[in-house]
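Just so it is clear, A, B, C, D and E label the chains in written order, and each chain counts residues from 1 on its own.
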Amino acid sequence: MSKQNVILEARNIVKYYGEQKVLDIENFTLYKGAFNFLIGPNGSGKTTFLQILSLVDKDYRGELYYKGEAIDYQRDNLLKSRRKFSVIWQNPYLYKGSVSYNIGLPLRLRGVNKKSIHHKVKQMAEKLAITELLSKRHDQISGGEKQKVSIARALITEPEIIFVDEPTNSLDKESISFFNQHFSELVTDEMTVLLITHDLTQVKRLANHINSLDKGKLIYQGCPREYNSNNFHVI
Amino acid sequence: AEERLVMATTTSTENSGLLAELLPPFEEKFDVRVDVVAVGTGKAINLAQNGDADVILVHARPAEDKFVEEGYGVNRRDVMFNDFVILGPKDDPADIAGMKDAIAAYKKIAESKSEFISRGDDSGTNKKELSIWTKAAIRPEGSWYLETGQGMGASINVANEKEAYIMADRGTYLAYSGDIELEILVSGDEILFNPYGIIPVNPAMYSHLNYQMAMALVGYITSQQGQKIINEYTKYGKQLFHPSAILPENIK
Amino acid sequence: MNYLQEALIEAFKLIINLDRELLDVVTTSLRLSVTSTLIAALPGILLGIIISRNNFGGKKVINVILNTLLGLPTVVVGLFVYSLISRRGPLGELDMLFSIRGIILGQIILILPIIIALSRNAIHDIDDKMYKTAISMGATRLQQFKLLLAEARYGISGALIAAFGRVIGEIGVSMMLGGNIRGVTRTITTAMAMETNKGRFGFGLALGLILLTIAFLVNFGVYYLQAGESSV
Amino acid sequence: MNYLQEALIEAFKLIINLDRELLDVVTTSLRLSVTSTLIAALPGILLGIIISRNNFGGKKVINVILNTLLGLPTVVVGLFVYSLISRRGPLGELDMLFSIRGIILGQIILILPIIIALSRNAIHDIDDKMYKTAISMGATRLQQFKLLLAEARYGISGALIAAFGRVIGEIGVSMMLGGNIRGVTRTITTAMAMETNKGRFGFGLALGLILLTIAFLVNFGVYYLQAGESSV
Amino acid sequence: MSKQNVILEARNIVKYYGEQKVLDIENFTLYKGAFNFLIGPNGSGKTTFLQILSLVDKDYRGELYYKGEAIDYQRDNLLKSRRKFSVIWQNPYLYKGSVSYNIGLPLRLRGVNKKSIHHKVKQMAEKLAITELLSKRHDQISGGEKQKVSIARALITEPEIIFVDEPTNSLDKESISFFNQHFSELVTDEMTVLLITHDLTQVKRLANHINSLDKGKLIYQGCPREYNSNNFHVI
C-alpha cells in the first residue's frame, strides 16, 4: 500500500497495567477508507490498543501519527483530533436519560443546535430501526437494543475513523446484516474503520486489512487472502 | 444608622429584656446602632481584651477590676444591681426556708449533703457562689455537689429535675418560674447583691474602637434618663434591677 | 408542660402574625445557608472529584483527614475563624467579626469537608466506562465534568443537601462569629438557642419547627427543580 | 493572642499531664459516639435500603423529609427529647435525663436521618444487575443484604463515618440532655463550649484539637480495618 | 415428547413493563437433559422470559411448574428451587473483589467450606483456561475474560438447569468451541440448558428443542429439523 492511504500510524507502543506488559507493538498502520480488522484471542490486548489509537488512553509509551503528523497532545488539538473519531465500545455505557438523549449526545457536545440534533437523531434511529425506543429510558431497553443505541451514537457525528469493539455482540441476524451492509456502504466513502471481532464470517466478508494480536504483540499484518490460508486458528 | 457600637454583655442582662428598653432611645439620640453580643462574663471580657467590643456591661467585680488594672478598660461606672436568691425544692431537706443568712443556709445544705447545683462556669454568678462557700469555710465537693458548666437557665433546669438547691439571679428565676417547681427559699441577704458595671475599652489599646460612643453610652446609662428606665423596668410584675449610679430617691 | 403542643401553637401564632423580627431571622438564616452552600459547592465538588479520580501519595491520609473533618465541631470552627478575624487576628482589618461575612466564612469551612467527602463517595462508584465514553465522544474538560455531575447527580446533590442541612441547622459558628446581634446576625438557630436559654422552651421549639418547615420547602423546591432538569 | 499556638501548647500540656478529668471526658465522648453510631447503624441502613429499593406512594415526600432532617438542629432534638424524658414527660419514669442514656437517645435521633439518607444515596446507584445476579446465585435475604453492603461499602461506610462525625462533634444534644455534669455527662464538646464561654478560648481550642485527634485515630483504625476486610 | 422428560413448564405467562405488554406466553416447556434454545429478534422478550423462568423475576402473571409441581413462592422453598438453577447473564455483573472470589461466590452462599471452594474454583478455572486471572480484580480483566468468569461462576454449583443469555458474546473462537463442547458434555448428564443466542451455527449444532419468540409471543416450539426449513429468517 502506498503511504498516501495511511491515515493513522502507531510506532513502538508499549503499555503496562501495573507490572504487566500488555502491549508491545513496533509498527501499526491504519488504512484510509478501508475495513481494518484487529483480531486475536481474549485478553490479547485488542481493547487496550483501541483505547490508545482512539486517543482515549494517553497513559502509554510510543508515538502516534495522524496523516503523517505526530498527534499533538496539547489539549485543544487533541480534542479536535478526537472529534474526528468515534468509538463503539465492547460493553456500551449509556448515560442516564432517554435513548434519544444518548444518541444525540455527541452532537450536543459539539454545540449543534437542538433542532438539527433532533432531526439527525430521528434519521439515525430510522436507519437502525429503533425509532420506538427513542423515548425509553437508558435502563429500560434490551441488550441488543442497547448495542444499537451505542452504534447510532457513534455514527451520528459522521467520524473520519470509527473504532468498533465487537459491535455485533447481542445483535440479532437482521441487525448484523444491517450492520455489515451499512458499514460497507459507509466505507465506500472516506470513512475508515477499525473493527475488533471474533466473528470469522465478518472477517471473511468485510476485511481489507487484518491485524492479528497475540499476547500484546502484532503477529500478523496484511491482507485477508494470505491470512486465511495460514493463521486462522489464532483468532 | 451607619455608626456602630459593639457592646459585649452577659446573657442574663440581654435575656431580661432590659436592653430592649434601655438602648433604643440612646440609638435614636446619637444616631448609632448598638450591636449587643450576649455571652458569658468571661467571654465578654475576653472579647473586649481582643478589641472585638467597644464597651462591656457585666457583673463580676473582681474580674472587672482586673480588666481595668491591666489597662484594657477605662472609666468604669456602677450601673445597677439585682440580687441572687437561693432556690430549692418544696420539701426542703436542708430546712433553709425563710432564712435570711445565706452563709448559714449554705452550711446547712452542706451538712445535710442535699444536692446542690453549681454553674461551675467561672461566671459572675459562679464566682459569687464560690465566695459564699469560702465565707462558710466549706470546700464543696462530693456527690451532692454537681457542676453543670452551663448558663443560669440550664442550670436551674438541672436543679429542678434533680430537686436540688441552686443559687440564681432573680431575673432568670422569674423567667423560669412558670415551668419549674423550685421555690425561693432564701433571699435578701446583702451578700447576695449583684452589682453591674459598664466599662468602655481603653482607646489606647486599639485604634478602631468607638470610644466616643462608648463614653456617650456610659453617660446615657448613668444619666437621669437611663437610670429612670432601669428603675421602672419590670418583668412579671416585678422590678428586676435597681439603679446604682443615682440613688433611687434622686431619680426624677 | 406539653412542650410539643405549646410549640405548635407558638409556631402557628408566630407565622400568622408574620412578626417582623421572625421574618428578619428567617431571611438571615436562608441567606446565610444558601450563600455558604453555593460558595462551597464548586470547590468542594472539584476537590471531591480530584481526590476520587487521582492516585497520589498521601491519598489515604487525606481521606482519613477528610473523614475526621466531618466531625468538626462548630465551636472549633468558630474559635478558629475567630482567631483569624478578631481585631487582633491576621484578618482583623477586614472587620468581619459579628457580621454576615464572618458567619459565611465559618460555615464554608464547616461544610467544605462534607461536600468534598460526600461527592468523593458519589464519584467513587461511577464506572470507568463513563469517562472513556465521554472522552471518545469528544467531550471537553468542562463537558466531561458536566457529564460526571449528571451521572453522579443523586450523590452529589445529596452532598449539597447534607451541607445545606448542616449550615441551616448549626448554631456554634453563627453564635460565635455572628454574635446573635438582633436585626443583624440573628438567625433562626441563634434565636432558638437564646429563647431556650431564657427558659422559653416552647418558643424555642416553635422556631425549630419553623426552621424545619423552611428547610423542607427549600428541599422540596430543589427536588422538583431537579426532576425537570436536563444536563450538559 | 495567638490562640492557635496557645491551643497547641495547652493541648500538649493536657495530654502530657494525662489529666484525670480529660481522660474522663474523652472516655465519655468516645463511649457516646461509638454507641450511638452502632445502635443507629442497622436500622438506618435497613431503612435506607427499603426506601431506595421500593416504590411506594409518598416516597418522594419521605425523601424530601429525610433531606430536611439532615438539617435537624441539635437544639431541636435536645428540646424534643427533653420534653419526652423530663420528669414531667411521658418517659419521665425512666430517669434518663442528665444521663448517658438520655444523650444516646438524642444522638440516635440526630443521626438516623443522616445514615438513612446517605445509605439511600449509596444504594441508589447500585446496578439492578447486582440484585438479579445475587438472586440467581441463590443468595438468601440476609446474603443479598450482605452482598449489597459489600458492593455499596464505600458509600455506606461513608454514611456511618458522617454519622460518627456528627455525634462526636455535636454539642446541643449532649448539653441539653446530659447537662454537662462534671464527672458524669461532661463530654469533650460540652467541656469545650464551657471553656469557650468562660473566655478560655485557647483551652477550648485545645480540647477541640484533642477531639479531632481522637476522631482521626478512630477513622484511621476503621480505614485500616476495612482495607483488610472481606465480605459475605 | 413424553411428560416425563419435562423439567419446567410455564403457563399463561403475561409480563408488563409499565404499560407495555412484553410477554404473553400460553405454554412453554423445558425438556430435561436437553439443549433448549430460546431465539428471536432483539427486544422480543428473551431476557425477560429467562428472568421469569429462572425464578429471579416474580413480578408477572401466570404459573410455573417444576417437575409437575407448581413452584412454591414461600421463601425457603423458593430459595431451594433457585439453588438448583444457575444463570449466565447477557451482561455479566462481577462483584467487587478478585476473580476467584467471584467464581467461588455461589458456593460461599451455600456455606461450602473454604478449602473445598478453593479447590473447586481452581478446577473450574483450569477447565476454562483462566487460572492466571484468579488473583486479578473484577475490573482488571478484558471483556471476554469477564464473560468466562461469569460462565465459571454459573457452572461451579453444578446446577440442574442452567439458563444462558448469549454466553458467547465477546468470546474468541477457541473459547466458543470450548463452550459448545463443554456444554454438550454436561448435557449428556442430567443437566438441562436453556440457551439464548443469535448464533445460528450454535443453534444448528446443539439444539434439541427450539423456542422462537417474537414480540413477546412464542411463535414456534419444536425440534430443529422442522424449524430449519421454514423459520430461520426470524432469528
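One rule holds for everything that comes next: a contact is a pair of C-beta atoms (placed from the backbone, for glycine too) under 8 Å apart; a residue touches a chain by one contact, two chains touch by 3 or more.
Not measured: the values here are computed from a predicted model.
Chains making contact with chain B as well as with chain C: D. Taking the CA centroid of chain D as reference, the farthest chain centroid is that of A. Using the mean of the Cα atoms as each chain's centre, the chain most removed from chain E is B. Chain C and chain E, compared by their mean Cα positions, are separated by 50 Å.
Work out the mean CA point of chain A and of chain D, and you get 50 Å between them. Once the centre of each chain is set as its mean CA position, chain A and chain C turn out to be 45 Å apart. Rounded to whole angstrom units, the spacing between the C-alpha centres of chain C and chain D is 18. Looking at chain B, residues 39, 50, 151, 154 sit in touch with two or more other chains.
Annotation for chain D: residues 1, 86, 176, 196, 201 touch two or more other chains.
Annotation for chain A: residues touching 2 or more other chains are 91.
Each chain pair that touches appears in this list: A-C, A-E, B-C, B-D, C-D, D-E.
Across the complex, chain C meets chain D through its residues 1-4, 7, 60, 63-65, 67-76, 78-80, 82-83, 86, 88, 114, 117-118, 121-122, 124-126, 152, 154-155, 158, 161-162, 164-166, 168-172, 176, 189, 192-193, 196, 201, 204-205, 208-209, 211-212, 215-216, 219-220, 223.
Looking at the complex, you find that chain B touches chain D at residues 39-47, 49-50, 120-123, 146-151, 154, 158, 161-162.
The touching residues of chain A, counted against chain C in their complex, run 51, 54-56, 75, 79, 82-83, 85-87, 89, 91-93, 95-97, 101, 105-106, 108-110, 153, 157, 163. Within the complex formed with chain B, the chain D residues making contact are 1, 86-87, 97-98, 175-176, 179-182, 184, 186, 190-191, 194, 196-201. Across the complex, chain C is touched by residues 6, 11, 14-15, 33, 35-39, 50-52, 151, 153-154, 156-157, 172, 175-176, 179, 206, 208 of chain B.
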